[in-house]
């Protein structure tokens, strides 16, 4: 098989972020080889390193290999502008479009590196004059100038080193065998800092927040101003209303823990009551709904979005069943958010994770380690996983923020 | 607190279906008491039992208690017709509407017991002349005659006894410590019987079917005519197409098991390719898509419905992102289905479970016992849970059906 | 196949304890049939029921069927004394020995029903004059009079009904989707009652208690007198000492949550330090060990037993590596205990569960629902399972007991 | 705080084995700093790299930091012999003893680097003339010359790079969402190679092997000569014998999957039967035991060791309840083994993992991803984790080895 050869450069915390390892892995996995042309190691903790390599690989593999190396922070050597191809139809991209990661990306245009806006993963990059932005395939319109191939594309991966000391205190291992109190203290500190810096905090919450008795503590966080955005599904709101109206969650009495068998109907009654009131906001205004997470959100003007799912009963009038709209509303609510906490919500948590740039910090809390592992696996060092009971976690967090 | 008193009757396999236990539980949990007025026990394995009880409970609890007893098969004594209330607005029900279970239900109208059609849980019952049917709250229109309260409502729970010998061979415990081969043989037998009886079989399948290498075995089942309906999400189809076009699933090479790091883009390319082809069916017709689960479904005219979720990339043009429509399409496809297999798909599996009457048999296969427990927990004896590897399960099943 | 026939009687909460269901299940599973000769149902919540049945089954199945029915509380009709066979060698029983359950058992001798002492499961019953006791197979000596078959054996199963209102508040379902605070309040109440009644409380604790930061709260319980017995393995003590000496647990700093990589050696140093001191007690006396769970146990004279396992490092001099001795020491420490809490310790928890009579209450706390299900599955209603974070659970429990 | 400074060197696949990253991590975590004195990067895939660093850290942290760096392959610069201290009492080591890892270790004596024998983790190193070996603390005798501190100690970590291409095909992620067939093919290949090379293969197996129907496939492996050593607990043998004698496992019929309620006694009968026969071997010889895993082991002269645990019933006469002896027997059986498969056996798997040097390959198969993660986490690249159903895995493996 004929070999192709390219020279690539990279600079940064190449070793302690394990980028160099990942590059070499990629090359070898594609049956390629490399030769180091230049290597300067950071001589101290803080200095960046630099590498220049001649990479060779079978012709057929070279395109994918370069894509991967670019993802890891390499720049194809030899200054070339990004290639752009006009979209030949709406709703899809040219065949060799560049598919984005969630890391900060730059594209070269007329010799200048332009920062790509609205960074998110699995998008195309559309150039418009001197600006560039991530665009979902379905939002591409015929004639849009779409970046193709990897020439003139540069990524700046989050360097793991930078936050090793601070943020990622337990990222090395997701385990239920950890002291959660330590994690809670760290997370409370991050929340306080975010608010002090005027940044926004979003929560993604599943109905387990209510089932496990975390609702009232979550309400405290809302009242204290720590929740700017709430992204959830229908079920969180339904069971929250169920608790507010009937004192049960999924038919289980929240004070005694006893299952009330007919209680499975409470959630349908809750839906019906909100429907009759004309929606959650009107239910609050008319005095039908006087407590709970949704009540606090409405009183405090938290930006909340409820996205539907195939398993939803009802749904509540507030739940958005058109998912194109729901995804857009989620995306809009996340603008300017610097910290996201995902509480027992795999589905909506993955949805949100897909929308975020890598530098937004993400805290995932779930009692199932497999869920935390899945949520936290986003190629970013800005992720914390905590395996614990969500109800008790919220209690600890409310206490820690109160102190 | 003032006490209310009612007399209720029930007949059937009250003891071996544990219905009598459940009734007494319900009474005591609501601070009530009972007195047996008449009891005739089935003297042999097959004879039904009969009970008549005077139930007393605090006034405030009596309505919910009766609802619960009706759910368990009791009839409020004293022949009364069902109460109906006209809906005062569209999209919701009167406040004390009767909320259905998934068990066969009858309502009394003009002294006659009418079987309720389109049985499903969490619906209202609407009377229309001499017919009655389950209707979702959102589908109620102003003026519809909605059943309220429990008078004149009768349920016939599935009797566990009946199938103890056959179907529910392992329902007593959901555990990974079981011999799956035994379960596979039983399930293969049920599938053969269903086809012989001219019944329809539906599959609900998650993307793990593809990731674990089950796709080709699932394709065999489709070609052999064992799959009448496929209900899934966007991800199953995306990763199936990804495997057909690139040989990877989530970027993992299906032959070598190696992760192809840039392979994470394959799924976006797959979406783009189908979009460019104009959808899955056109992709098959134009020769873009030539293998895989979706290919087999299209070739074999399997009724497939892909429902969207908040985390979907793309989605494929075939994926229905309006969930009201998606739920209706799912519901329509399930008409006449007598057996459903849910393969590693909690979200869509729960959605489907909510739509099914209790007498449709449901087989849930997942490697996570908590998922199986959750899916199988539908108040019906017609459920089997199998905790195992889905890829290997499909291989065994294809082999068993081949023999 | 020739049929055998027997008449059996039973009395008690046959329906709400689901005993009658279980009996019929057993008969049908063994290809048998039954005819009800007499049935008197308890007419109110509190009245017992009575049944007399003629049971027929294939000859080959009858022995096992009767064993099973006896386990469920049936008495073989026709007053016969228990059959005894002298053991023909030490360390094992006659072939058809009666193998015990953990329920209160009586054997008939000279027309009198004698209560069997030292009730535990999987033992033989040895008669000695007018006394009868459970004995492990290995403790049988040649010539011991061992009960064989089921004639003259009667069991009184725990009636689920009795404690449905009090103890078993969440036993119907083991789930992580529960409000743990409710469970904690109940458990704290049971502990207070046990102490007030002068009963003993035992804890079975795994090293996760220390890893999750529960050690200091557990120490509070010990100081408050709520821990009479501690049954554990080597690892609990090792990591407890590691934390006392080095501030780490499994090499993770308990204050900062950071892994100290060389910290994996701390546990070996901890073992070595205790060894050099001559054991835990001497380490406390000589001032080497001045804090932690083991320190509190020694200071408070808690009866602790550390049992070895194949994976133990060291072990500590206090750890009993001869398991015959360890089982005997565990068994002795459990005499007179009325409440056992198992905290994240599957191995030792199962060991303890095997030793307990059914009427000792068992609370199992673990973050893994599969472990809780396994531990709680002992054929007894006296079991509570709580799926939660053990560290936070202990914090809540210490707070609840303090209030 | 006063700073200490040392110069350390390391050579090898420092970057692609992530050793350099780990070294820098260690330094920074201990509040230290480093300066690169010399760095030569391997210019191609195969060339080793070399680094020499000046490391400074607070005085109090330097000892632990150096220990950690040595663990990662660093040599403290300046040629010094290892320090040895005579043990002052039997059963424990001097306070600052060097605690081993499972990686190949060398100690410097009289200017020569001596390879340490019987390499295992968590041991001390004892020098005896020109030889050095790992010794458990409890096996140290007064006067033994024990290595203390890190001077003159050198470790050669397994280089991940070397086997990235071959062995560790799926080590990057432990997940149930993988195609097990690929893993089975690889493992079958490794087993064939091991046998061809005349190496020994050990299995560690839990009772789930029997419960899931894997027993007969495991028997095939034994008959085909792929099992040289079987390490297990009492339960594997008990349920294997139970199946051989009664056709059930834990009371569940292996052919029909039905629970046989009285079947819980079968395992006690099985134990009693073996006891009466005088042990497993005699039971085979006398024709009492004629099938199953233990039968095949005895017929094939597989070296089997059954180690006791606190939860054991019986135990069988063959089960070693003195764990000091059991650990020694396990250790002896593992001599010369180059490949170990752990099948659903966390307890015994961890025990075995602790005994193995890092270069012995370990394959861990379990349906619970948390167990696989725990077993596979031994600081070695020679570990594969497979999350799947053990019964079906064995079936696939037997088929793959047969082909």
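Some points to look at:
For reference, chains read A, B, C and D in written order, and residue numbers begin at 1 within each chain.
One rule holds for everything that comes next: a residue touches a chain if its C-beta (ideal position, glycine included) is under 8 Å from a C-beta of that chain, and two chains touch if they have at least 3 such contacts.
The shown structure was predicted, so the numbers you read here are calculated from the model rather than taken from an experiment.
For chain pairs B-C and A-C, the one joined by more C-beta pairs in contact is A-C.
Each chain's centre was taken as the mean of its CA atoms, and the one lying most distant from subunit D is B.
Chain pair A-D has a twin interface among C-D, B-D or B-C; that twin, with over half of the contact pairs alike by residue number, is B-C. Put simply, the C-alpha centre of subunit A and that of subunit B have 32 angstrom between them.
Mean C-alpha position of subunit B lies 38 Å from that of subunit C.
Averaging C-alpha coordinates per chain places the centre of subunit A 45 Å away from that of subunit C. Contact of a single residue of subunit B with at least two other chains is seen at positions 25, 176, 258, 368, 370. On subunit D, the positions that touch subunit B within their shared complex are 169-170, 172-173, 176-183, 186, 208, 211-213, 249-250, 252, 254-259, 367-368, 387-389, 391-393, 395-396.
Subunit C contributes residues 22, 25-26, 29, 64-65, 67-68, 71, 89, 91-93, 95, 97, 99, 122, 137-138, 233, 258, 260-263, 265, 267-269, 271-273, 275-276, 307-315, 317, 321-324, 326-327, 330, 347-348, 350-351, 354, 368, 370 to its touches with subunit D in the complex.
By the touch criterion given at the top, residues 15-16, 18, 20-21, 24-25, 27-28, 33-36, 39, 41-45, 164-165, 176, 369-370 of subunit C touch subunit B in their complex.
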